[in-house]
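Per-chain residue numbering starts at 1, and chain names A, B and C are given in the order in which the chains are listed.
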Amino acid sequence: MARTIIPFGPQHPVLPEPVHLDLVVEDETVVEARPSIGFIHRGLERLVERKDYLEFVYVAERVCGICSFIHGQTYCQAIEEIMGLDVPPRARYLRTIWAELSRLHSHLLWLGLMADAMGFESLFMHSWRVRERVLDVIEATTGGRVIFGSCKIGGVRRDIDANMLSKIARELDAIEREMRQITHVFLNDNSVKDRLCGVGVLTDAEAHTLGCVGPTRRASGGGADMRALGYAAYGDLDFQPVTRQEGDSYARCAVRCDELFQSAGLIRDAIRRMPPGEIEVKVTGAPCGEVIARTEQPRGEVIYQVRANGSRNLERFRVRTPTFANLPALLKLLQGCELADVPILVLTIDPCISCTER
Amino acid sequence: MAYFEMSRLALKWAFKRPPTTRYPFEPRRLLPGSRGRLVLQKQACVYCAVCVRKCPTRAIAVDRHLKRWGVDRLRCIACGYCVEVCPKDALFLAPAHAGPCVTKDFDYC
Amino acid sequence: MGLFAETTIVNKPLHLIPIPLDLLTGRVLDLKTRGFRLAQIGAARRGDILDLTYSFGKDLELVNLRVEVPARQARIPSISPVFWCAFVYENEIHDLFDIEVDNLAVDFQGHFYETAVRYPFGSPRAPLAPPASLPGGAVSTVTAASASTP
């Protein structure tokens, strides 16, 4: 049977960010997928040579537009660990609240994109309508909708007073009601299930050897959630990683839907337990040492390898983002799938290519 | 028969007014504290140029002799670092819509 | 127990296990049989030496192996026969740092990252190009005309 090569991307209505896949198809079945990335490679890792470690937070936040806060938070955590800074509890709780808000908006964005990939435009618009409410909360507290700009080395830059915290809690109730309406459609509608169930099955063993992280891994059963490491305020909050067993696209969608409610619960918990006090510590000098910091982004585990040599500029800054770890799984999932399932499978690992390529 | 799970949501929103703001016919709702446009209060500025040194994108230019302060609007990321370090509190970020720019020059004021 | 008790979590100091290059594949195979997954492969240049960090994770534990390779003869064996997913990391360090990798499971021949400049993070065989200077931002205290008034 003759083989055709169909180029997918870098411009495609379904892709949030540019990635190129050469799909080798035999009569509607994809036999192989050859990726090509580098469309959005900005070389941010080399910017440490020009920007000192204090202002590099702004660069670290801009590695990605969707998961930006947690990039900034992980960078701050890495430098604070090298310098031995003790971040005050209130700052850690504020970071947790913003991180969970970031996770909410990222998962709602993904749900909308998945609905769009299936052709379910009205569900896409409704998901993003709910996301707007989350973005309004974020803008009222940090000043920016997507790039928060609120993390800094030694703490956070802005405080949220008690009045605002109770407003957030009330707004969360309304947001949660609307999220239930949307996730009800995602998990129960027959046309959605038709497109998602049984598509792109990853078994537990496969997901482990392929090095998958995040919801992609946890939907196959097993896999750890890096929030259990207890960084920021997660050590005090009570949560269990969300897992499913089936390992298909429906399970990955269901894990993200469940994580929405888990995040809302964590925010409420953090608001209730918010300690009073300072929001920053003074930072003097320059870092010297090496550390590997890990946190849980909406897409999985992100690893920051930071090396500093005592000068104002860092020596090496390396980010291993979760989508980079999920790329081999994508290539494995695409082998043997139907051509019409390609957008679903590409979106099911939640690709954030600007993270991947920094 | 779970085929029309969406109908309840769709019908409800078919009879409600749209959640979007019909900008520019309706005014844009600004949230206080939102970071938009960098504004200088000229009478308070002493041209010490601390903001120039602290700006992460080098978007500010100060001329002490000519007493000019300018910001490159396209480089400014509205991070607010200059607002924090200004010793005279002369800068603030207004929650205004950043207007269109036609050149890449510094906007002197 | 033994060597693999060294772990790194966020609030503990970094533990690295330095190993020579020829023992790498054996140690990686050992980690695989103990149930670890590949977390990352990172490269960092330190003068004339390239530091490669292989991180492996299991549940919440992280084990880091550090291999030092001289920059002049940067040639390493691939661990993709053990962990197939390592090919993305190894192609990346090949495309960014010009490290030769033998036996890659999927070899993109340098076309994984299509960048305008080959080996943007510096090739061991050529000096690292300095980053372009950043324009913008100026403090001028004296203009040219008023400087020379006696």
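Going forward, contacts are C-beta pairs under 8 Å (C-beta built on N, C-alpha and C of every residue); 3 or more make two chains touch, one makes a residue touch a chain.
For clarity, every value in this text was computed on a predicted model and none was experimentally measured.
Visitor: Could you let me know which interface, A-B or A-C, is made of more C-beta pairs in contact?
Guide: Higher contact count goes to A-C.
Visitor: From subunit C, which chain is the farthest off, judged by mean CA positions?
Guide: Taking each chain's C-alpha mean as its centre, the farthest from subunit C is B.
Visitor: Between subunit B and subunit C, what is the separation of their C-alpha centroids in Å?
Guide: Spacing between the chain centres: roughly 38 Å.
Visitor: From the mean C-alpha coordinate of subunit A to that of subunit B, what's the distance rounded to whole Å?
Guide: 26
Visitor: Note the residues in subunit A that touch 2 or more other chains, in rising order.
Guide: Residues: none.
Visitor: Hunt down the residues of subunit C that sit against at least two other chains at once, touch-wise.
Guide: 134
Visitor: Do you know which subunit B residues sit against two or more other chains?
Guide: Each of 57 in subunit B touches at least two other chains.
Visitor: Sort out for me which residues of subunit C touch subunit A in the complex.
Guide: The contact residues of subunit C facing subunit A are 8-11, 13-14, 37-40, 42-46, 53, 55, 57, 59-60, 62, 64, 83-85, 87-89, 108, 111-115, 120-121, 130-131, 134.
Visitor: Under the definition above, what is the set of subunit A residues touching subunit C in their complex?
Guide: 35-39, 41, 43, 45-47, 49-50, 77, 81, 208-211, 224, 226, 228-231, 289-295, 301, 303, 305, 307, 315-316, 318, 320, 324-325, 327-329, 357
Visitor: Give every residue of subunit A touching subunit B within the complex, in rising order.
Guide: Those residues of subunit A that touch subunit B are 51, 55, 58-59, 120, 122-123, 126, 129, 132, 136, 139-141, 143-144, 147, 149, 157, 181-182, 184-185, 188-191, 193.
Visitor: In their shared complex, at which residues does subunit B touch subunit A?
Guide: So the residues of subunit B in touch with subunit A come to 1-3, 5-6, 8-10, 13, 19, 31-35, 54, 56-57, 77-81, 84, 93.
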